[in-house]
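Below you'll find the structure I mean.
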């Protein structure tokens, strides 16, 4: 790669619009609308470059092309980028189970890093599903693999569920 | 903010150069050189927008201005961005203790999210220091606060230390 | 130690009595009463052999004499015993801040094991204090050291706070 | 239960013998020998009252009858007891994959508590299997359920693998 190519420009939409969209429909419908291009992804998805790949009731999958702009000082993808992808996918898998008027937030996340990711690593797929759905707290697990099933990172998180004001 | 302002362009350097720089001096000298502008920060620091604020033997602090481009679908800064900042700072605090020829990598990270961050939140400062430095494994803790000492997230991680080939 | 000495008998009180005691006073008063011998410790404290050493508002310390009956197959104290001590101390430090009519439970715990403990290890002291006290969730940290300040394990946990029916 | 019944006596064997046994055969053979009654369980298993239920290459299951002597001040089984069971089972599932001359130790454990356990809860079964087996570090997951598949706790851990001196 030439230095002139080491440039990345992202644009994003008013995040309040995205938040209103998210609040006006069920979690599943919101995620499906992003997947189908009817709702724009949130800013951080544009920044990091991940995209939703699949969503079902209690299941979410996101994809990321590892790139140089994800690199830490050691010329591998920063673990925080992998954590972001896991957090996104785990939260989405919880969101996919919630009715309109309910949302969720990550209380805590735990990630294990298994293998370094570089720009030469094939496209990464992150899959997640809830382990246990309680009234207020949900536990979730996620795995980050390439298409050959090679594992790069995995994690669990605890999410809280709460009511939101809808439109 | 107008939609025309919702655009961010980043540029970065050849990450192999950064990795060579990191391998050619001690961890402390590498971090100090980034702080003093003699070495360019790694690509992910340009992408996410954080910067080193202070480094000492067994201590690191980084700063981040929370911005709209960090937002998740709920119009708050994505937890993954906060995890990235904590991971960076915790790893740097370990790196600051290592001699030339040694490096470290995060084995696992655990983060608790305490309070939502928005673009209106003042500049965030993340501080970290090792809890225990073993021969091969180090445990670290970090906290993410604003300048008033308000806590937004905190975490711990386990890092592995290993020899690298130096120049 | 002779094989004839490898025997341990514990007795305990009706745990419903202990639970009623815990519900009838504030967390701090309950813990203080156990420390001062006015209320009997719960069964698990008799089983494992730990005891409260100090309690303050937002602080708890417990002690344990490591013994052969704590051993795993590798002739060291089982990590689960150390986790039990950390969980107890961390939860107690939260309980010490709660008014009568409120209790707490561990949502999740994370423990790092630093150094093996044997029966030759001096008495262990576990100290804990809350990191952040929210309305419903509290985060806590704890450390397990001997009297010389040697670190054997440390951890964090997330506790939930809830109302209980009082007498 | 009458107060006169609130008494428990345990006996155990010289743990050095158990450690020698563990070092003289493969992890799988050691666990199988305990299951089949040819080797005595370690002291902590006698103390807490759990027993091995099944072992295979990369799989372990343990059982526990929840009892009053496991109770915390709130008249439910102490989370540390559940953590001990999860730690035991997860470590055993790693041990089951190791050749003679290798052993493992828990570096860190993370447990989520889902539902309170009481003496009325049916027998608990804990199952675990490795997620990823590396050269030096292994990640593992475990779940604690009753026979109806009701989930009470789940966790993950990171174990280190190392050489031991054999007989």
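Chains here go by letter, A, B, C and D, matching the order in which they are written, and residues are numbered from 1 within each.
Convention: a residue touches a chain if its C-beta (ideal position, glycine included) is under 8 Å from a C-beta of that chain, and two chains touch if they have at least 3 such contacts.
All values derive from a computational prediction rather than experimental measurement.
> Go through B-D and B-C and name the pair with more C-beta contacts between its chains.
The greater number of contacts lies at B-C.
> How far is the middle of chain A from the middle of chain B, if each middle is the mean of its Cα atoms, in Å?
20
> Would you kindly tell me how far, in whole Å, the mean C-alpha position of chain C lies from that of chain B?
Each chain's C-alpha centroid was found; their separation is 34 Å.
> Hunt down the residues of chain A that sit against at least two other chains at once, touch-wise.
In chain A, 107-108, 110, 112, 158 touch at least two other chains.
> If every chain is a node and every touching pair an edge, decide which shape results: line, ring, star, complete or other.
complete
> Quick one: in the complex, what on chain B touches chain D?
Those in contact with chain D are residues 107-108, 110, 136-137, 158, 160.
> Considering only the defined contacts, which chain C positions touch chain D in the complex?
Residues in contact with chain D: 1, 3, 6-16, 18-19, 21-22, 30, 42-44, 46-48, 68-75, 77-81, 83-88, 103, 105-113, 116.
> Note which residues of chain D are touching chain A in the complex, please.
Within the complex, chain D touches chain A at residues 110, 112, 114, 131-132, 134, 139, 141, 151, 154, 156, 158.
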